[in-house]
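Labels run A, B and C following the written order; every chain starts at residue 1.
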């Protein structure tokens, strides 16, 4: 039995070695080739599989076809949750995609796995990235100091408070909290309860279901000057991290200025629906009075950043990369660059609920269309991100439940973060 | 083939049939294999073979198939030291031990009720079947509303009885029992159908004869209906155990294993290991362990069958 | 025949007499029946709550979604039309129908034949083979998708593969990938077997004496007796094929092959981040209709004593 299994494993490895043999990446810089023919396969996470999503993708293909008019493009749209299954099966069968569009945080694990290839060898340098993106966006794109992906769209989480709620609680509606302690105190004052003690107005909404306080933690830690990872080393078990986690615990479980893990039916931010006085929010808000729009509530909202030692904005985002083993690396690179086209970024922002990464997109109609996008875009330079090293995906899966333990008071912050640090350093 | 064998003269055939000659037995066995082979071959290619690959993967540290080294039993050793795995295992055992008997009992009762000649029973049967076809999003949304800690129906009911409110799915101590309720509710329709189908085969004449002999409803059930359900009962038991042990969609949609791993179950943990963490070798080892547990539980379940002949 | 069953009583051939027992009972509208009806009605109501919510929500306007509600403020029948326009749903529906039908019809033959064989025919090792099928029930699909993907991709001579199954894409991104892996399943073989085990062998013996071949015996005599089993298997597989999501997602990339569930995932998020539930529920409601229809239609086989004309004992 063992021999047979060993044989299967060997065969599998051999198969993959054979499959992955091609395409170690040409070193010539990308140039248009009007005669190149072939097909590239593009894996895109989170494009809605409807006419709108298809329309946006067609736009990207049009830009791509300017430089490679004869290369056909096959798209594969998958929800974010199933992205890894697609990558797993395609790598397992030796049929990696030519272009992969995933999220920030995926770059290092995929690079380590050999699923995406070195873009610097194909001709994109850090300097190129810095031409259009803020410096803070460059580090998450790197692996062993080479560029492995380009940023396309940013998905920030902004913060907002309600002016009227501030007034009612006796706070100055024109002053956002200037420190995390002040945020905590304000949240306490803003929490309104009914006779039986149930919250009717949340003081500070974290906008997180259970086991998903990760990004909020990164934001709080960032405000205290800390970072999740520095290079590939985990640095979240620092004083900033411990204090941030402790503060979240205090706000949720001690002050009870929010209900742990609570979300409304539509899973939208409570501060925009009026259920909370202050909290995390989406970088897009519909101020119309149409279906789904919040109309006049828009005027009541003030957007602000978490501030303490630093002023930060949590940013997630979409990246594009070239798959390892691609038979058409230059064409794939051109496709990746097509993702970066300004108009394309704007179109993707709409369906991604984000904002364009390009520094020069501030004038775009989309960014100017609503106060949340405008604010989010303006503060991209203060971005803090959730990403790490090769072990990032491992670590991320354990991160959420571990934070739960501390937030619910079942564990202490420092030892929990220390254990997580071990996972991030490569243990399991 | 078989018809050629039976081309022998009829009289000789009848003699053979009465004596159960080897010719007939051979013909039956051959026909048996012919009828069995498609399903058997199919299962070998599409289920047994992938399972063997999984076992093979469990001996490697592959993150993705084909990229890893053989580490023999390291994964298994590590798993038993993994707190998350142990929690998932315990949660799964607890879930199965509760949902299987409760689910089966309720389904049987409902099927019995729906088998009685009452008016409109076709309509009632359809009602009980509907959760099986209701969109998963609708099911999860409504249950999330019921369990909503702020304004949900469940807390309103508790308040009505003067009991304090609960966090339900956001409370690590209550989340798993809360999911068990949904599990029973969801599993009802399918089990009920199987019981209903089986109840159709219970001889009405036997029931009538028993009734004429003065047996009351319970005696009729225990002596006529229950034994007739034997084979199907075994099926429901095995599939309930396997199904509950492999509960996934419910957790995936409602709680994602949280809060704090309180609803982390084996299949969800395997899924997390395989795809969220991209550690397919490790996840495969976990699958093998889970498989062993399911096998043991099915074996134990089989021991509860009153009539082993029906296995 | 019915009087000569040995203990424990096995399920004899269904008698040809109509459900006469009912008429002999005097107290037909007994209080027991009323209580039962009430209990079943309440239980039934609890069962359909999400379904009712689904229908009601399909008639709401897009803005009513953020707070949970029951009745729509105003009935938006046009949601049903609008939802269809949002994505190529006719294609998705068509794909689901093709997959469901092409899986279920062969399945009904393959699985029941195997179940019958294991139940009634003297196959060597049949105990072991049954155990093998039962054990296969213990393997969760979530992990199997990766090896299954490899198997499906390595089908010799398909999709550009050579005789060893290398070099091409096999059945990936074709109808075969969606259908063939599911034309049989241990679950249904096991279910069929449990149904057939209770059928008396006397019927088959009588047919043998009449010169009927074994396989003909299965098709013409035993299978019709197991109609409830057929209906059950059909219902189960239709439901699981209709709702299948992860395998079609992984095994295909083309929209021309993807099923309904994939299209429904579309509505999970719109540009404002709010899910477009009314549309989602509208399509979901339509999606449940075939299955409910199948169930109602299959009810005919769920009435005792209505099975095919067996041999009068």
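Note that in this section contacts are C-beta pairs under 8 Å (C-beta built on N, C-alpha and C of every residue); 3 or more make two chains touch, one makes a residue touch a chain.
Just so you know, these numbers come straight off a predicted model, no measurement behind them.
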{"item": "By count of C-beta pairs in contact, the leading pair of chains", "value": "B-C"}
{"item": "Identity of the chain that, by mean CA position, is farthest from chain B", "value": "A"}
{"item": "Distance from the mean Cα position of chain B to that of chain A, given in whole angstrom", "value": "38"}
{"item": "Chain B and chain C: spacing of chain centres that average the CA atoms, whole Å", "value": "15"}
{"item": "Set of chain B residues in contact with two or more other chains", "value": "53, 57, 65, 141, 145, 148, 274, 280"}
{"item": "Residue list for chain A, restricted to those that touch at least two other chains", "value": "12, 15, 85, 88, 92, 265"}
{"item": "Junction residues of chain C - those touching two or more other chains", "value": "68, 146, 150, 277"}
{"item": "Residue ranges of chain A touching chain C (in the complex, touch as defined)", "value": "12, 15, 18, 41, 48-53, 74-76, 78-79, 82, 85-86, 88-89, 92-93, 95, 264-268, 273, 282, 284-286, 290-293, 350-351, 353"}
{"item": "Complex interface listing, chain C residues touching chain B", "value": "2, 5, 8-12, 14-15, 17, 19, 21-22, 24, 33, 36-37, 39-41, 43-51, 53-54, 57, 68, 110-111, 113-114, 116-118, 121-124, 126, 129, 132-140, 142-144, 146-148, 150-151, 180-181, 183-187, 189-191, 194-195, 197-198, 205, 208-209, 211, 213-215, 218, 228-229, 231-232, 235-236, 239, 243, 264, 277, 280-281, 284-285, 287-288, 291-292, 295-296, 299, 301-307"}
{"item": "Chain C contact footprint on chain B (complex, rising order)", "value": "2-3, 6, 10, 13-14, 17, 24-25, 27-36, 38-40, 42-43, 45-51, 53-54, 57, 65, 110, 113-122, 124-139, 141-143, 145, 148, 185, 188-190, 193-194, 196-208, 211, 223-224, 227-228, 230-232, 234-235, 238-239, 242, 245-246, 248, 267, 270-271, 274, 280, 283-284, 287, 290-291, 294-295, 298, 307, 310"}
{"item": "Touch list for chain C against partner chain A, complex", "value": "61-63, 65-68, 85-88, 145-146, 149-150, 153-154, 166, 169, 172, 246, 249-250, 253-255, 258, 262-263, 265-275, 277"}
{"item": "Sites on chain A touched by chain B in the complex", "value": "4-6, 8-9, 12-13, 15-17, 84-85, 87-88, 91-92, 94, 109, 113-115, 196, 198-199, 209-212, 259-262, 265, 393-394, 396-398, 400-401, 404-405, 408, 410, 428"}
